[in-house]
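Below: one structure, written as structure tokens.
We just call them A, B, C, D and E in the order they show up, numbering each chain from 1.
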């Protein structure tokens, strides 16, 4: 059964998603248990695959038994395997976390919510695992459609935000498809490995240049890179908290993963770096994204919206890291993908708890949180320190590699941008800590008491435990970053 | 918005047209698209799958996983529509 | 020159179509108009793919003189001329893309109905006015 | 609203047409090996026949013929047939979707097994597409508020 | 490829596309979109992509148009552009 593990990672969530509307009819909590079990088994198979990749090297899996250029092939190397564990693990944590929040926000739609939730995860896993550019498009659409639906059922204004996402997301997917079409017409192949063999002979061709540009622009739309990020803040702010906790960490990172795949596997690294000066453009776009995201995050009064702009800045980190284009910076980028999934998950988990207890998510709702929910706030402090980049947490190490790479490449403006963004994060989060401490002040400032009860009312356990796990993970990844880099990420860095 | 949209559209179109200049001619039987992967489908479909309609055999067998994805897309759309629109009596009356 | 234009003008027409759709997606304020633009854009991309499959003087990608069931046994005797049949692969891809198109259309229309339920209008400027 | 009061001409013609549309749809699915067509097209035509039933008979009658839960079950079953055939191949020690392994069960040669596997898959696609097309139309035409719950919805009607 | 037939179809398709996005009534726009899909399907049949043409005829020109009409009837056919 071991050699079938790669297929099972995707097939199990797919089969269970299809079964879930039927299973959901049995009882009230069955849907929740079903999702958790599904994702747990998917995570187990992802770990098995990761272990196989670490011990035996790249794993190939042929769908239907056909040879690669003719059939569809899974190619799982270290980068893939890491992303698989990350996606399925993060989805499992979100699923564990979702119970109370879904019951509160969508009481009569839990069955269909969990169905679409599983389909969303299936889409992400399918994108990450595949070795075929068109198959990637199909699963990109599965993930996008599920994402549109998950966002549209949020609070007031969510359908409009979701509609904007539909329009821009479709443009992104169509640009990707056009890029694939342009590649297909000159090579006749859709398999990534085959393409990367065929393309070097055609690097001067105008068709290939245009295809590359369209692939990158399409993915930039999906990953909300700065000038194209307009759909993101509204969509993730207004989505239900479980949906934003699933989408916000994973959607952008999966798109960044695909970008790495396109730039360094389908095209050879020297094409992306030397023949076309794409990386220079990406460096500058990344820097602008970091500044813009950080400054706009400062201006927000809504907690979730502030987090959305932090995501925009984080996307800037990773795109800029690829733009620096040396091995250390790309190592930092891949480590940052890992860290950012965990950190963003933590932030949105806290946002979900805030929404659950206060029914809204303004910054002022944090009032007296240290008194009311000490454990949640302790977890939040750890996540915030990681976002800022304080040493024992994981956020520090990826930033360290990014800065180290930038210094070696002489990209000082990128270093400045990173430091500036860390500084802004300090301001953002210490402002929240301050709000969390003050609770008598409100009485004086507004003239009436917001009936801040001083009794400890911790969040429900089903929400608290995943949040604490995330906080522990952040510290663990920070402490064990060397083994992770040596075992996995070192091999995932493309040979430049 | 209209002017901006027009400019973006024209630029994108110009880029796409620039790309077509190096393309194989329309209807060229020896273009890479028709000579790299697809000949195997045409010659072997009867031997491999006993199905004369090549599109069907490629769709459901050689690239069957794509079609599974396609079916999943359709299923997702159905579930999404139910999730977005359908309301129960109780929540509607409120 | 004329020969060059004749061999390429097909692609240019698809690009014009694509850009009509793309313009509608960006610049139109009515939500259903945006969806119509989306549909035109996707259809034009499908047209582009289908045209990459075309071979002049070739026939449909369905084998002629097939023996039907059990043909696997003596198929080896038949010689199949590759240039005789149109390239089937883009057709397969585009079948999938059409499905994706109609799925997106369905979800987008569902979302439009929700938007209309909230604001009572489909024009974006009026919706923005209603929010304020 | 899409649903109108019953009209005898329309409903009679629909009653005559629907079986033929469905027969044609089945032909399209089954004959996909030899002619253009296949699960997807046939499924859409089947779905269209159900939509025609819904349009001409109104929701009350369509609800008895095609209950809402059955639509969802059918769409699940469709994808399940597809993924199930693929999964069966794993159980028969092949890769996912490797229909030639079904030869053991069907007692035919591998090429033939693949042909039958394609047929099974097409039937699955047909089920899923039929049910989902009907379901999407039902949702969009009623705005998601199904008739047994329906009340005068004047607030949103233009 | 029959060149005159081809050019006429392409002309029709472009006219339909322009009309669909400029006409000031959503119901008309949606029905013109159906016609657009149908011409597109003829074009594909003419290029030998019968399967794709069949799908387009049943999906976009059939179900897609019906869905759009249902949605427009459920909302409004008024539009400003």
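Please note the rule applied: a contact is a pair of C-beta atoms (placed from the backbone, for glycine too) under 8 Å apart; a residue touches a chain by one contact, two chains touch by 3 or more.
Here the structure is a predicted model, which means the values were calculated and not measured.
Identification of common neighbours of chain A and chain C yields B, D. Think of each touching pair as a link: the shortest run of links from chain C to chain D has 1 of them.
The minimum number of touch steps linking chain B to chain C comes to 1.
Between the interfaces D-E and C-E, more contacting C-beta pairs are found at C-E. Spacing of chain A relative to chain E, judged by their CA centroids, is 38 angstrom.
With centres defined as mean CA coordinates, chain D is found 21 Å away from chain B.
Measuring from the averaged C-alpha position of chain B to that of chain E gives a distance of 18 Å. If you average the Cα atoms of chain A and of chain B, the two centres end up 25 Å apart. Those residues of chain A in touch with two or more other chains are numbered 14, 18, 21, 63-64, 134, 138, 141, 145, 148-149, 152, 159, 178, 184-185, 190. Shared interface positions of chain E, defined as residues touching 2 or more other chains, are 1, 50-51, 55, 59, 63, 67, 70-71, 74-76, 78. For chain B, residues touching at least two other chains, in rising order: 16, 20-21, 23, 27, 31, 33-34, 37-38, 41, 46-47, 50, 52-53, 55-56, 59, 61, 63-70, 72-78, 80-82, 84-88.
Within the complex formed with chain A, the chain D residues making contact are 69, 72-73, 76, 79-80, 83-84, 86-87, 90, 94-100. Across the complex, chain B meets chain D through its residues 46-53, 55-57, 59-61, 64-65, 67-68, 70-72, 74-75, 77-78, 81-82, 84-89, 92-93. Chain D meets chain C in the complex at residues 34-36, 40, 109, 111-112, 115, 136, 139-140, 143-144, 156, 158.
Only residues 1-2, 36-38, 40-41, 44-45, 47-48, 51, 133, 136-137, 140-143, 158 of chain D touch chain E when the two sit together in their complex. For chain A in complex with chain C, the touching residues are 134, 138, 141, 145, 148-149, 152, 156-157, 159-160, 162-163, 166-167, 170-171, 174, 177-178, 181, 184-185, 190.
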